[in-house]
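Take a look at the structures listed below.
Each of the next two complexes has chain A plus one more chain, namely chain B in the first and chain C in the second.
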Partner chain A sequence: MTSPAQRVDAMGPRRGSVGTVARFLLPKIGQALFVVWASYTVAFLLIHALPGDPILAALAVRGGDATTTDPAVLDELRARYGLDGPLWQQYLGGFFGIFRGDLGVSIATGLPVSETILRVAGPTTALAGFALIVGFLIALAFTVWAYLARPAWVRNVIVQIPPLGIAVPAFLTGLVLITVFSFGLGWFPASGASGFASVVLPGITLALPTAAIFFQVFSAAVFDAGASPFVFTANAKGLSQSAVVFRHVLRNAMLPAITIIGLQVGYLAGGTAVVETVFSRDGIGRLTVDSVLARDINVLMGVVIVVATVYAVVTLVVDALYGVIDPRTRTALAGAKPISAAKEVRT
Partner chain B sequence: MITRTRMARWAIAPAGIAVAAVALSACAGDTSDTAPTPNADLPQDIVFAIKEDAGCIDPQQTSVTTALNVGRQLTDSLLDQDAETGEIVPWLAESWEVSDDLTSYTFTLRDDVTFSDDTPLTSEVVAANFDAIIELGGAASLAAAYLEGYTGTEVVSDTEFTVSFDTPNVAFLQGATTMSLGILSEASATATAEERCAAPIGSGPFVLDSYVANDSIVIDRREGYDWPSELRGHEGEAYLETITFPIITEASVRTGGLTSGEYDVIQDLPYIDEARYTTDEYTLYAKANPGVPNGFVVNTEQGLMGDETVRQAITMGVDREQINVIAGSVSGSAPTSVLTSSTPGFTDLGDTLAYDPEGAAELLEADGWELGSDGIYERDGETLTVAVTAFYAQDVLEAAQQQLREVGIDLQLNMVTAGDFFGVIASGDYEMLGAGLTRTDPDVLRVLLSVDSPSRWGIVDDAELEALLQEQRETADADARQEIVDEIQQIVAERAYVIPTLETVQLHASRAGVEGIAFDSASRLNLYDTVVTSE
Partner chain C sequence: MTSVPLLTVRGLRVDYTTPKGTTAALRGVDLDVDRGEVVAVVGESGSGKSTIAHALVRLLPEEATIAGGDIRFDDVDVMSLSQRALRRVRGARIGFVPQDPSHSLNPVLRIGEQIAEVVRRHLGLTPPAAAARAVEILDEVGVPDPAQRARQYPHELSGGLRQRVLIGIAWACNPELVIADEPTSALDATVQRHVLDRMQAMRAAHGTSVLLVTHDLGVAADRADRIVVVNKGEIVERGASAEVLADPQHEYTRRLVAAAPGLRSRRLEPSGGASRAVTEASEPFLRVRGLSKTYGSTGSPIVAADDLEFSIDRGTTFAIVGESGSGKSTTARMIARIVESDAGTITFDGADITRLRGTALRQLRRRLQVVYQNPFGSLDPRMTIGAIIDEPLRAFGMGSRGERASTVRDLMADVRLDPALAARRPAQLSGGQRQRVAIARALALRPEMIILDEPVSALDVSVQEQVLQLLVDLQAEHALTYLFISHDLGVIRQISDEVAVMRRGVILEQGSAESVFAAPQHDYTRDLLSAIPGGGVAAG
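Right after this comes the complex of A and B.
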């Protein structure tokens, strides 16, 4: 009566102490901070290595062909947006500003960067959250369907479907969805970011590639688990199909899927630009594209910092979750071997 | 697609005066005698899809077309200009006087105008507006350009004031008709640049209801509005109760939404889709930007550009008709001068700017150039290579590149970002700039070419031209000035200081049941007379 999960659970350590947790988490928090710092530094260097004048670029956005090239005016604006002084000063000033929550002022609009990013965070979170959940459910459904499908050629066909989600560009999916469900049937709005209805179409557009990636990782793990001795045993004991799938197979296939969530959130936080453009939604992706085009380096740096932070925090949470989900991690920790479950799963 | 979008975006601001008949087939709404009236059974609300986040809707600060199309509805100007005849008429100012030397302009205001914050329009407010524009400087570059040489506004009484300049400012009167010099309330004029961007308060027929960045702008009818200029089709309040401007960046979504009925009007119909909307179900609105058409502006101090023969060969080697077919709007026409056909003072120089590849070859060969084995002219081991720096309209440049190659001239394209483009201007490191310059007045040629202009893109050393540019600026008499402007256009075209390629056309579309959309003197839209007449 002991499935592997239960068995491990039974001997799972309740011996965990604060020290163990700290030993597990502290290096990971250090890693997270390093990711944010490194992103800031690399982005700073790259942006400042580019030729051209960000002040002129931002002025040109509003001024068009009447843009002034008067050096005195430009110098004054440079000082106003914190782009004067030596590079190291700007670097340090910007970095310490992060801890005060001060990301500077947008060159293009004159508004505080933190306010601008806060404005787009809502719509992007709604969109990314929706896409993540729907993408996960699609991947789950296809995985179970493929796992149960007989004969083998049907299974092989099903396995080929989800990759289409990443093969078809989001741009095309988006336009097709708008044409059918907005302009054709009138069920959902074609643009805007107000209300749940506005999330659906862009959310599905973004969920398809998300689902494809989930499916790749998830199905591999499920088929692996499906071929393992404990499932053979469970089947041999005459457990119902659903009990085998949900209690034994899926549960054990969960870890890689969670690992990939961290990467997916990182992708979604920065990769929504195309979808947001097609659906005319306000969001962090579009903000990024706009600020790149306008060379609005203050906003760009702000976006890099926020996305890097989100990514680092999600990775940290996922790492911490291993300890909860995978009893082996706890065992390893209790055994005073600071071994990362992530490494274990990945290898 | 991007090229097209960006090009129209940069086609900024003001006045279009159909001095010459432009073959703009579907240019509706200018005629006030046949003004449509609203259908009482239908809600007078429209959805007008615009193509980009305006970023800033203060018409004094921005020169983005989209923002000006919204800002025009919120603000009135001192004067208005007939889009057909170019005649300047009263609006907020009942009357005006210009000093003979064009350095001072005295206006008398209407006394019944209020802003949407219920404060009255007075001379003090106008003075505060102009002072604020100078204060904004680089942030309000177009408006500041119309106020070039501004020394102050002297308030004589509540309704009378004099605007003074230290040099003759011939473009000011025309500038005063544009939304760039639209008048805002005192509260707006004295607010910070950012506050004004988000919520400018004007005296226009519509009031800003909401502006959500990257999402939408909503404007409502101003209750009690009663001071349109005589050029409009009716009096009193605007017909439309609400106009919603969703910001739809993707052109195919805008066209799809117009077809499905989700949007009543769309801004910036891609030229390539134009033919689909010529049926009775839709109305097209097209008008060329005033100013200097898109083209090559030369720097005679760089490369081969100091050689007049080379410049003339380039201008003869460009087939403008073909470029207009390839990259232009069906409603537009090829440029025939160094001013666009919608600019006051435009003179048709079709002969000077005719496509003449043989003539170009003769000219070059007479000057010692020989055709090399690769089909490009050479002289003393030097190949005939010229470079153009631009940040939009790559399709136009590529077409010209092909045409010039056939003539034996190697044109190198140097596409850069907008910021780098102005960086190049600041450093003077270019042979030619590929761009147009949009202004309401023929004075635009002085702005572009004169030695002391802040926007001197064309670097030429030509005392005769310089003298004429200054003279037109100081000439108050319209006929006398026109003669000078004619001469300037002839010189600039003949000596190929500006080599025009394409007239950029503003192209919008609506469903047939929405009428009364008019281009104002600035080639931007005025929606005061707009009505919903059928479903």
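Right after this comes the complex of A and C.
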């Protein structure tokens, strides 16, 4: 039976939803913008707090310490790279340039920074994406294994394994993997960024610390959910072991775990530097190292901005997803009034 | 009735192993449940009654091991079943209604799906058929608008409705036995009655045997054919419900029966013959006029208190009874000046305290103290008992260190606590002892009035009785005025002079305790009174 009251209930969420969703999302969008702005500002201040003129430094790297430059040429170079005028002008100009997609021109190569970054973004995305997925799966496998392991001491041993992933430095894992799977077995190439095979070894190298971090959050969430009364109910229902673990334990444990994906992406963006160097791959990390060595502050700023933006966007998407995945948040967002609705039928 | 019981338990022993050593939770329990019979397992917290329930389906926590004994269910040896086979018995032939409805349903799955997965698993229904069956089950357990509810998530349902869903899950596959572990202890009295009625109806309709685990003798008396009393992991008494209650044989059962608030009907008198000093004053000690409070600004405001009017004479106990969400605790907090009221006045001993601030409010705290419900949360776990009781004295600079130490000893003697406990910490005390500490702390500044917000509802019945007796004695000794908040009419009857019944922020009825209990005016009060378990059994 459908009473008029129910129809109103069904309509209610729709009417109120735009406002509530905006109220939920707007602060998060604000936070994302703040992260980008703050990263830009801190990086700008740090770079400009360094002693010496960036153009001179870059020229010195290119031509040796003895290079002398005509002041007029220097001014012309400064204008070309957007490093002329007072600092606040550079600061504002650079910041508003972000919104036009204009990140300046590379001092080292003379190419637009946005183009330079875009060129290496593909390999890095493939690498980071692979590492994220593999890391997630490794963490999941270890968590389920640890959760089901009996007796307690076996579980305690299993729980100790994943932290090794973060304790062993990436360059060491990378070298070991290359020695065994590339030089030894010849399964995967040791360097380069062409094709899927080239992603595997650096991807696994990066996936290990990623898995370790995922595991810390996962296992806590899984043991927490596993001890909860609703899992007792699921067992008392006589469900199969796999139904209990996957439908009841993991579904609840996923919620806290996905919140750290944003952090992981931030880590991966930085973590690629070592791995891309070890495996001689083109990518954001290697570009960062190269631009630091070449004193190319424009590229450096560009990398900082791009990484901060990716981190902010991923966090924003994860937050928004959280609202969709967790039915409790979803009801709150839909503007329904569960408590008052429930009360009426109570008596 | 067949000669072979449906469930036979012999010599069941369960041990808990912790880093500190092994303790026996069950020491050889024998138990039979016949077909179609309701057997209640009654005991206080820590008696092992829930361990029995969990051990029967071998769903004990990891640190517990079944050390010995025999469990036979319809000639199946439960102890020797493999986990895989056991998972075919649970849910299909033995249903389980868990204790805590607010956490016992998966928060991210729809209600209908949580029922449907049981019938899919055990009856092999197709997903559409299982979904349809889930709606029928919801209807059968009395969930209104079952089709719509089936699509909702647990947090969208009230506690009573969630417990009905759990009952539906337990009965979904028409089991021969349902184990109900404290199925209603987390629910309001009127909701508890509806839920128990529903369980009884399901039992009658399906001819199921029920093992009802409860701490409440009244519930057991109302609902069970036979009662088994557990104490310290052993069964101390068993027999037909009416016989056990009318003529308890074991000393422990006698204590339980005597303490059960629903089973008796008198106000406690001060022990030791002291008479209560009710001074005949023209002016009431505390007067509340037009007190109102609304929570939530826009959207759906919740009225916690709506134009409340009452007064309390010096040296008497005024009780506010209500179920969760009635606004009774908010009222207590407004009077204690912990929560600001929206409108109205509170007069304390002739002075308006509604808007007191700063020093004046601080001085009021000396005369008006509060004792909270939860004796676990309201004591700082890192302080010693002595320091906790001493804290208000120190805060108000009452006397030197030596004087305060002797005051603390006096206070502990006042609340019948061994002064040797002063060096202990809260975790080393029992619930009843902790609540005595909280009362001693409230007494430290020699207040004239104490607000008691559900002071005994977290305690076992036998401990409840002792704490209530203590409160009555202290009232006589120190001429205290009490504002007593409770959801439990049985407890209220033992301590109150005046009673107000609250629902949704409104006082529906108030008057002397005798008149409210003997001749309730409002339907809701009658409802509450009839919901007291054990009402059908004459006080032994």
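Operating definition for what follows: the second predicted complex is superposed on the first by the 300 of 347 C-alpha atoms of A that agree within 3 Å, B and C clash if a C-alpha of one lies under 4 Å from a C-alpha of the other, contacts with A are read in each partner's own complex, and residues count from 1 in each chain.
To be clear about the criterion, a contact is a pair of C-beta atoms (placed from the backbone, for glycine too) under 8 Å apart; a residue touches a chain by one contact, two chains touch by 3 or more.
Keep in mind the model is a prediction, meaning the values are calculated, not measured.
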### Message
Looking at A:111 after the superposition, I want to know if it touches chain B, chain C, both of them or none. Which is it: first, second, both, neither?
### Response
first
### Message
Tell me the contact category for A:190 with respect to chain B and chain C: first, second, both or neither.
### Response
first
### Query
Given the touch rule stated above, what does A:20 touch, chain B (first), chain C (second), both, or neither?
neither
### Message
For A:125, using the defined touch cut-off, is the partner it touches chain B, chain C, both, or neither? Pick first, second, both or neither.
### Response
neither
### Query
Looking at the overlay, does A:216 come into contact with chain B only (first), chain C only (second), both, or neither?
neither
### Query
So, does A:73 touch the first partner chain B, the second partner chain C, both, or neither?
first
### Task
Identify the partner contact of A:230: answer first if only chain B is touched, second if only chain C is, both if each is, neither if none is.
second
### Message
Between chain B and chain C, whom does A:240 touch in the aligned arrangement: first, second, both, or neither?
### Response
second
#### Entry: Residue contacts on chain A - larger count, chain B or chain C
B
### Query
Which of the two partners, first being chain B and second being chain C, lies in contact with A:277: first, second, both, or neither?
first
## Note on the structure
Listed in rising order, chain A residues that touch chain C in their complex are 1, 6, 152, 228-230, 232-241, 243, 247-248, 251-252, 255, 325-328, 331, 336-338, 340-343, 345-347
### Query
Inside the complex, what are the residues of chain A that reach chain B?
51-71, 73-74, 77, 108-111, 119-120, 175, 178-179, 182-184, 190-194, 277-278, 280-283, 286-287, 290, 293-295
### In the complex, chain B residues that touch chain A
9-10, 12-13, 53, 55-56, 61-64, 137-139, 141-142, 144-145, 192-194, 197, 212-216, 246-250, 252-253, 256-257, 259-260, 262, 417-423, 425-426, 435-438, 454-455
### Sites on chain C touched by chain A in the complex
57, 59, 62, 83, 87-92, 95-96, 98-100, 103-109, 117-118, 121-122, 144-145, 148, 153, 155-158, 160-161, 166, 169, 190-191, 299-300, 325
